[in-house]
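What follows is a group of structures, each given as structure tokens.
Presented sequentially are two complexes of chain A, the first with chain B as partner and the second with chain C.
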Partner chain A sequence: MKVWIAHLAVLAALAVLLAVLPAYHATNLARILTLAVFATGYNLAFGYTGLLSLGHALFFAAGVYGAALPVTYWGLSPLPAIALGCLAGGGMAAMVGLLALRTAGVSFMIVTLMFAQAGYLTLLYFGQITGGDEGLVMPDATALIPGLSPDTARAVIAFALFALALVLSLAVIRSRLGRVMVAMRENEERSRMLGYNPFTVKLTALVLSGLFAGAAGAGYALLFGYAGASFATIQYSILPMLYVLMGGAGTTLGPLLGTAAMFYLVDGAARITTATLLVVGVALVLLILFAPKGILGTLRERGARWIP
Partner chain B sequence: MDSVILSARGLTRHFGGLRAVDGVDFDLRTGEIHALIGPNGAGKTTFVSLLSGRVPVQSGSITLGAEDITALPAHARVRKGIAYTFQITSVYPRLSVYDNVALAVPPEAGELRPAVMAALSRVGLADRADQIAGTLSYGHQRLLELGMGLALRPRVLILDEPTQGLASGEVAGFAALVRSLVPETTVLLIEHNMELVMDLAQRITVLNFGQVLATGTPAEIRANRAVQAAYLGGDDAAA
Partner chain C sequence: MKKDLLVPSRRSVLKGMGAGLAASAFPGYTWAQSAPIKLGFQLHRTGIGAAYGRWYERTAQAALKVVNDAGGIGGRPVEILFEDDATDPKRGAEVVEKLANDGCDLIFGPLFSHVVIGSAPRAGELKIPYLVCSEGYHVASGMLNRWTLQPGITDVRSQVSSMAPWVAANLGKKVTMVYPDYAFGYDHRDFFTEAIKAQGGEVIAQIAIPPTETTFTRYLPQIPAETEVLYHVMVGPAVLTFVKELGDFYGSGARPQIFGFIDSLEAVDTASPGLEFLEGTYFWEAMNRVKQDGQTEAETAYRAAVGVDDTGASVTDAADVSTYSHMFSVWETLHTIKAGMEAAGYQSTADRQKFVEALEAMTTMAEGPGNPQGDKVFNGKTHQVFGHQNISQVTGGKLLRVHRTSIEDGQYADAVDYTTMSF
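On to the complex of A and B.
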């Protein structure tokens, strides 16, 4: 109960922030929330189930194009397009998972990475439809929710997506499925001998993760008006991992915290230098050296054991 | 004649040139405590791994009740009621004792908490439910392993050297616990502690070089000359 109240309080605080912040900062926050949906999904696979995927960019891009193509070519309205993007991400994760989950560990990383690369090249190959590297420009954000200003609509949709993602992820990890996911991470052979099929558990986790990634991709494309093949590059597989590592793998709020921290780190660094990636790199090295469990993971270890 | 719950026919598994299990016929009668003994390398662990599905069968068949389970994967056999406790303790060290057992409770068992606490009380760990499993003493981890096996509510419980590394006082408690499981659960026990085997088991199967050397009651096994020669090291050691 305490846990649910804590999470609802976080959501309430976010809603207030979105409402009172000036437009520039509110838009930043909407961006963070959308990316945090991606990270929250990544956390289900990586943080809770122990699946280190380097192919999540493909699921994100599936969401981007699952929403962007119908909007561009059939004039679908944005909200159903987000639902389509979500399904595209989940469907892509199911296809990749069916093949990639025959491997584990390093092989799994490589196979998922290769799938994502193949997806990126496919997007470039069909450049006439997908726009390739130049991408497609999405309709003006005023069309998002008729009657609302673009900024408000963005805030509302980003918040709704994130709230849904957070509540769903909390519900999953507190369910029987969530416990079994953790069991797979901790000791797969033991779990098998307790009657759980490792393949189906991991596939379920990966598909859930893909649904989140798809929703995030679709939201990102529509809220910020751009869909491009670059969303399928390795960078978008690494980013959610960094967010999750920074905030704390295997904690429900870690992905949000990590996304925000990384976002403002890059933002702050950009004011000082053009070498923002260097700053990110140094931050990560420090993190791995001094707090390998991330922000919330470290807090949990230091005594706040109730953090889910 | 008692009914047979688990049986194997012509069960075979070779690793390269090593005939780890070589054409074993075996019957486990419903409700008995059956011990599997044999010198090191006799194929005991491989044999029960074949039964539990951790190692695929090369040839032969396995029947549970009236059902042929030879082709079923390990996790499906667990769901059918064959539980296996590991020779080398394999709990989830970073989870609490409660969560360890909760994972073992099958979904159809109804309310989780009473089922978990019942299994924990049975192995005497109820007061340690909130402790992290990795911080338990070795003996307690063995008991937790057994508690997880019990929480599965198996029809057949396979215990692979459960008393290895336990203090003698703990062994006595363990023997009483195993005795309390039958006849609801059938127990197949791999064990090196001869005193315990002779005391607990109703029947004993002796494996040697991957083959069944003898099967019988403890008294019959004790009197069997082939067993004495192969396993107990000649007439002198038979006492």
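On to the complex of A and C.
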């Protein structure tokens, strides 16, 4: 119960922040929340189930285009489009998972990476429809929620997506399924001996993760007005991993913290130096040296054992 | 009671204090009048566009110095805030927000199409003028918005179309095109095919190269034997391999005329080992990187200001070849910003709309210090500028101009009227 209250308090704090921050930072927060949905999904697969995927860009891009194409070609309104994007991400994860989960470890990384690359090239191949590398411009953000200003609508949608993702992720990891997922991560063979089917558990985790990635991709495209094949590049597989590693893999709030930290690290570094990537690199090296379990993971290890 | 001058009354003390306050406020007032105009520059400092970004930044700095030395904009000094967008559309949109939040009066400078298309919606929503130096057809095609304009460089549709008359008349009418299999390549494919047809020629084969390809030997046999002109545009490092393999393919035997777009070789020395096969072939150049006979005074000044020597390389490092056919757009855009702001009587960010309207009202830009690439025609409806293009031949490893197109060669029917859209 305490854990639930803590999480609801975080959500309440986010809602207040969205309402009181100046427009620029509120928009940044909406961005961070949307990307944190992606990271939260990644965390379910990687942090809790131990599936190190390099193919999540494909699920994110499936969400981007699952929403962007119906909006562009059929004039679908944004909210149902986000639902479609979410399903597209989950569906893509199911298809990839069915094949890629026959492998594990490094092979799994490589196979998922290959699928993502194939997805990227497919988006380029159908450039007439997808806009390819140039991409598509989404409708004006005033259409997001009729009657609401773009900034308000963006904040509402980003918050709703993140709140849903956080609650769902917490519910999953506190459920029986969540504990089996952790068992798979810790010792797959022993779990199998106990009667669990690793394939089904891992596939379920991957599909859940894909649903999150899809919702994030759909939200991102519609909230910020752009869909393009660049969202399927390897960079978008690495980003959620960095967010999760920085915030703390296997912690529910780590992905949010990691996303925010990375965002403001890049943003802040650019104010003091042109070598922003160097700053990010040094920060990551320091993280690995001094807090290999990420921010929340390290706090948990150092005594705050209640952090879920 | 008689007033004693030596014993000041309360009123005179107050008057004196008032005058003192006004006097002390005066320097502040003049300072506010001359507070700098802040321009945001969305820079490809890292990522795939870094070679271009490096030169775009240098050109912007050089143009900034020239503008400030001449009194700034409307008497106010100008400063530029550079922000790296990593040549990524997601970061590009964030950079637009950041620069707008930092109080920039407008944003300019991006080159890569996907960054422009990813960022323009945010600029439109934030109602901040967004002046791109991208040469993409996305502005004039109507894809973007009222706040996005391209006053510094001719778009690829116009560039490509303007090549057709000379190619058909001088090189041949049966053309085979080799282009990258993504949007940039499709603009070439579609618009050149259409333009050469209008000249009585035809494209007899279109060979699209997937972006992941590192070797081209399996595509070269697809070039039909009756090809008179081989038209190539390949952006990226693969161009060196492409040229070498093309050389191996034709050997010392007969080859078709070869015409290409310099985009592949921007920031690359045409005399590099491996590019010998390019000798005698032709290239589009927006601006001739090698100093030509009869170079205008304006271009001489421009070349010196941006630090480019007579061969097109940096004056401090001969191996650092410029992106000469693109970077002038930054220089010209900054000068157009000056002209537009002064025409609009621009005072503060509240005048952004007036500034866009002032740009839309522009029709011609005369060749001169602000437009060293040449005179231009600006179409306020499509937000796109049109200028002269050049065709150069590689002679002794150097690009020498053989033809300069007219502006009319590159004009096409309007696809959009942005002026009818709301702000």
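Methods note: the second predicted complex is superposed on the first by the 308 of 308 C-alpha atoms of A that agree within 3 Å, B and C clash if a C-alpha of one lies under 4 Å from a C-alpha of the other, contacts with A are read in each partner's own complex, and residues count from 1 in each chain.
Keep in mind that, in the parts below, contacts are C-beta pairs under 8 Å (C-beta built on N, C-alpha and C of every residue); 3 or more make two chains touch, one makes a residue touch a chain.
Please read all numbers here as calculations on a predicted model, not as lab measurements.
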Per residue count on chain A, the busier partner among chain B and chain C is C
Return first, second, both or neither, reflecting whether A:V137 touches chain B, chain C, both chains, or no partner chain.
-> second
So, does A:E189 touch the first partner chain B, the second partner chain C, both, or neither?
-> first
So, does A:G127 touch the first partner chain B, the second partner chain C, both, or neither?
-> second
In the overlay, answer first, second, both or neither for which of chain B and chain C A:F159 touches.
-> neither
Return first, second, both or neither, reflecting whether A:N197 touches chain B, chain C, both chains, or no partner chain.
-> first
Could you say whether A:Y243 touches chain B, chain C, both of them, or neither, answering first, second, both or neither?
-> neither
Where on chain A do the contacts with chain B and the contacts with chain C coincide?
-> none
Please give the residue numbers of chain C that touch chain A in the complex, ascending.
-> 45-46, 82-84, 88-91, 93-94, 97-98, 100-101, 113-114, 117-122, 124-125, 136, 138, 143-144, 181-184, 186, 210-212
Hey, which residues of chain A end up touching chain B in the complex?
-> 176, 179-180, 182-183, 186-187, 189-198
Footprint of chain A on chain B - complex, ascending | 52, 54, 73-76, 78-79, 83-84, 86, 90-95, 99, 102-104, 106-107, 148, 152
Within their complex, chain A touches chain C through residues 23-24, 27-28, 31, 121, 124-125, 127, 131-138, 140-141, 150, 220, 224-226, 228, 230-231, 235, 266-267, 270, 274, 276-277
